[in-house]
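The letters A, B, C, D and E name the chains in turn, as written, and every chain counts its residues from 1.
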Amino acid sequence: MLGSGLLQGLAVTAKNLAGSFHDPARYVTTEYPEQRTKLPENYRNFPFLVHDDPADPNGTLRCVACQICEKECPPQCIYIVMERDEKGKALRRPKVFDLDISVCISCQICVEVCPFDAIKMDQEYEIATRNRFGGLLLHREDLSKSNAYYHQIHPTEAAGVDAALAEQKAKQAAAKAAKAAPAPKAAATTATPATAATAQDSAISPAPAAPPPASAPDTPANPAPANPPPDA
Amino acid sequence: MSAHPANALPLLERLPVALRDACTSWLPESWRWLANSLLSIVAIFVVFATLFALLTLAERKILGRVQNRPGPNRAPLPFLGIRTYGLAQPLADGIKMLTKEDIVPRGADRVLHFLAPVALLAFSILTFAVIPYGRALLPVELDAAVLYFFAAGAATELAIFMAGWASRNKYSLLAAMRALAQLISYELPLLLSIVPVVLVAGSLSTSEIVEQQGTWLFGVFPQWHVFTPWGFAGFLIFFVAALAESNRSPFDLPEAESELIAGHLTEYSGFKYALFFMAEYFGMCALSGMGVTLFLGGWQAPIPALAFIPSYGWFAAKLLALLFVFMWIRATFPRLRIDQLTRLAWKFLVPLALVNLFTAAFWVLSSGWAGPLAFARWLVAGTLVLGPFLVLGRRLSAGLGPRTYRYA
Amino acid sequence: MSLAFLLIAFLTVATAAVAMALRNLVRSALLLGASWAGVAAFYLWAGAEFLAFAQVLVYVGAISMVVLFAVLLTRPSRDEGAVSPASAGRLLPALIAGGSVLGVLVGAIVGSPLRTAAKPPLAFTVRELGLQLMGPHAASLVVVGALLTVALLGAVVIAAPGRPGDREDPR
Amino acid sequence: MSAAGELAGLSAAPGTTVRAVNDPFHGDLLEVSMGPHHPSTHGVFRMMVTLDGETVVKLKPVFGYLHRNHEKLGENTTYLGSMPYTDRLDYLNSMTNNWAYALAVEKLSGQPVPERAEYLRIILAELTRLLNHTCLAGFLLQDTGCSGTPLMYAFREREHILDLFEALSGSRMMCNYQRFGGCRVDPTPGWLAAAARLVDGYGRFLDEYEALITGNEILMARTQGVGVLQPDLAVNAGATGPMLRACGVDYDLRKVDGYGFYPRFEFRVPLGDHGDTYDRYMIRVLEMRESIRILQQALRDLPAGPIIDAKAKNRGLRPKAGEAYGRIEGPKGEIGFYLISDGGPNPYRYRVRPPSFINLTVLEDMCLGQTVADAVVILGSVDIVLGEVDR
Amino acid sequence: MNLSPLHLCLLFSSALFCVGLIGALSRGNSILVLLGVELMLNAGNINLIAFWRFGPAPAEGTGVLFVLFAIAIAAAEAAVGLALVIAVHRHQRNIRLQEANHLRG
């Protein structure tokens, strides 16, 4: 009969009208600024750089300025300049690490390609700023966040990363110990930074394992100019 | 509001009139009439403007709740910062509307562009004059009140045409054409649907029509027109035509936002837009009020035991219920197309209304039937209503229907 | 003579005159709507309220709509309903003819002593009107009804496109 | 009279083209530019519509307002670097876009995919289909003039699926989930349980949604017999997906290609007989019900194992010189990626076959002779996403 | 000169009549001609009402009835006239009266 479909529709809307007052499955609105939904652990929005010592956020970055993420970044929103000492020797640390989050697409590829677990995805989504240009261009200081923060936002993933780093470090220590016997000179030089590093697994320690082995002797010079940024 | 010979009425019933008389009693006799009229106009305007403000909120709230969201609930009270479940929203909307820039397109017909909202609102307000809001509350007692109502209402579409044409916008022009076609189509079923009421009541006066619905069958069932076969059919036809006449969904073709942006409102902003909005709600209120008056017993109480509640209370309750149905329908239905709209009017509503006229005539002629004949009376009238509905409905929806699908 | 009448008369004639002189057809039609409403106001002033509402309903509600519709359907082109003003060759004879008719009429009216009944306002109610229509004038009512039906059907046939149904879309 | 009659008469026969505009009998046609800023063009799409009264006598789609040089970008980034960009083609269906692209690269570089990953891909693709069709039903009804109610119901359910995507991939719409040789993240048992709950409850939502609107006489009047697409025209134009199946052509890549593990699943392909807007709407509703069946089977049978091949190479991929075309049955139709490798780190040629763009080519043929109001609804039933149309 | 209300009413109606007449004679557009004729009809109606109101026997109401019938006929006239205008327009793409000088379509 003409009209039966209309009446059926009216019944459904009436049910929803009533249901929105007592049925939480129907009334799903979250009133945002006051109420917030819990973000899932995997949620990702914009990268940040992990540092290990909150006392020295820029000195203990895991990033070695290898520029892999800069090359792989699809929208090319990362800009890295490696820090060099007076003699122009690379210090395996970013002097500049800029990330333009007005360009960044949060694709996580930088995280995937990073061999040092130095860059991770943040969960920050309230990024509105009054400054159109500078406000969305994050520098090394803005990006640097502690490992504890990383544990807080991505607990499972961070635990996995820590475990892998610890394992790698242990392996490396073992390899070094084996190496130390035939070459005591090299061992003496590397020992100082190892003890000077923080109690936790150092960011620098896995570095000699992967990229060019030639850089291994340079590490002793590392702690000396570790605190030049006066603006920090 | 006409001075009824109603000093015998209870105080609550007389209250508005008594208040008005108290306000004007100090004036000389010759001036009192004018003052009383002005006071009535002001009262009607204030009441319906407030109702309009609340209705805009209610509509959004109801739409929101139907759609499982809260609707507007944030606007805080000015200077206090307290949220009141969105009650301050109309205030915020009003301030926004009043302070917005009034934009007139360069190619527009400036005079008509300005006149359209004014004329629309003026005609909408005119219709309020003949609706009996309560036992003693009828602003103007007219012999041909029903005719007056529709004469005043007929001019509203003209204003919509003016708006659409004056905007010099193609969407607006299409909306203007649609508004005209819609008016020409729906004026007829609207008028035809109320002719049976006039026929049965033997009067074009609204107060008399309401008075006549004030009896109870067996002392329980109200004898409203809607509770007769012809009245029921007439009410449905009236309601559908009223939806079309007030340009409400599913007949909101002139401003069809998914097709014509905003139709005749495309080039309006600020205060003029607010006037249109107000006129739309006023028209809706007026038509609902007329529907209540003609079919739902006006200000009569549904059962005698509840007659202690003042008559204007009942009127308000019925009016709000009808307005709720307007909103409920808006929340549910898709929009018709213009050719379907006219076809619905000419091929369905007009024939049904004509048949309904015969049904009403039969009802009047058979008013003396009693006993088993009363049953036969209901049967015949019911058949006269239902039969054409089924036949015409089948013809209207020929070729349409649920389908079955095959699977590869 | 009441001020109201003079106002009504002036507005009615003025709007009608302006409407007839305007270039813009849509404006003309809308102004004529106002003029017809003025006539309705005259009826109201004269005490024929039923007639006044019927006038508004028919003229403002229906005829001006149809006129506007016709204007939009037959719009010459993009210039939004503007038509050329009356050419002098037509205007002059028209003015002469109209003026002379007006002169004759005014002369006749003013010159003739009209007998008016000095009666108080009358009460010709809707009910009486209905009784008259259904009683002595029932035959004419039927004839008018038949005329209206035939006229409307004829209008539909004339206005419909040549082949019936060729403009109608499938659904 | 004859020209006018012909012109008008043609409108009754769907599928025929009327392109005459300046004939003497229809000199005052109204040309309306609908869009790029219009409530119902689903983004920045523009239709130059020529109207005779309200009837469409000519319709010219204009697009490109959202052009982002997608294909050239793909030729200038690495193979992996294009993956997040595919999210942004049809931003409702990033999972299926990812899959089609991954499939093309896997064909090009000959990488195997573990079983669990294939199952996960099917689960996510079918969830995407649910999501897309739900959205479409909401948008389509919004275009017919419902005041938001069906749209809000559709979005309520869509949010639940997006929540799943977010919990798995980290983003609601830009999932970037598939990788060459598998998937990026393994779902937890909790996630799988949540997905199963959602799938089991989805039928109830569809029932309520259909009660709300499918039987509605106004909707039937608005959509039945409107925008009829003839099967031969649809095939010739290359239309795919629900658009094609609504005309009664049995062509579903899940059955035809049998890619992934689809041959292992039991499901049916619904077909329409009229090819009108109502069929296009109903086919999608029925496909959703079939998707629910596939999902139930997949979630039941999901095997354990790795989610990405142990030797899978994503970063620094340099496939041998050659070409490959990977296509899957996306929710909107055949989404395909055609890649030519010259052995370098970037594809030499990167080409997208965007289903909604190709389905859009028959828009004018469907709209001719219908009214403006229909044109909007027909456009809605084509189901376009401008991110994919303009690329 | 002392004019009775009836005189004034009649003057009013003749003014309206002449406006309609001049319009109908001077304008070339057939819609405007039709509108002029409608105005003249209205002027006639005003006369009828005036004589009913101020005439010798207002109680009979014949004037009102006359006007009622006249309005109905005017409505029919307008409908047919405008239908003719539309038909002419369809055939000739023009509604200027001078050019509508042959009846064959």
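Observations
Heads up, the rule we're going with is that a contact is a pair of C-beta atoms (placed from the backbone, for glycine too) under 8 Å apart; a residue touches a chain by one contact, two chains touch by 3 or more.
Treat the numbers as computed from the prediction; the structure is a model and nothing was measured.
When chain pairs are compared by their number of contacting C-beta pairs, C-E comes first. Chain centres here are C-alpha means, and the one lying farthest from subunit B is A.
With centres defined by CA atoms alone, the chain at the far end from subunit D is E. Chain centres here are Cα averages; for subunit B and subunit C they lie 29 Å apart.
Subunit A and subunit C have CA centres that are 81 Å apart.
Centre-to-centre separation between subunit B and subunit E, using Cα means, comes to 34 Å. For this pair, subunit A with subunit B, the centres built from the Cα atoms lie 62 Å apart.
Those residues of subunit B in touch with two or more other chains are numbered 66-69, 173, 177, 331-333, 339-340, 397, 399-400.
Shown for subunit C are the residues in touch with two or more other chains, namely 50, 54, 62, 66, 69, 161-162, 169, 171.
For subunit E, residues touching at least two other chains: there are none.
Per the touch definition, subunit B reaches subunit C in the complex via residues 109, 112, 142-144, 147-148, 150-152, 154-155, 157-158, 161-162, 165, 168, 173, 176-177, 180-181, 183-184, 187, 203-204, 339-340, 399-400. For subunit E in complex with subunit C, the touching residues are 1, 3-12, 14-23, 25-29, 31-32, 34-36, 38-39, 42, 45-46, 49-50, 52-59, 61, 63-65, 67-69, 71-80, 82-87, 89-90, 94-95. Remark: subunit D residues 30-32, 38-40, 51, 53-54, 141-149, 152-153, 156, 212-222, 224-225, 250, 252, 255, 268-274, 278-279, 282-283, 286, 371-374, 376 touch subunit B in the complex. Here subunit A touches subunit D in the complex through residues 2-6, 8-9, 11-13, 16, 26, 28, 40-45, 72-74, 105-109, 112-113, 121, going by the rule given at the top.
Across the complex, subunit B is touched by residues 1-3, 6, 9-10, 12-14, 16-17, 19-21, 26-29, 31 of subunit A.
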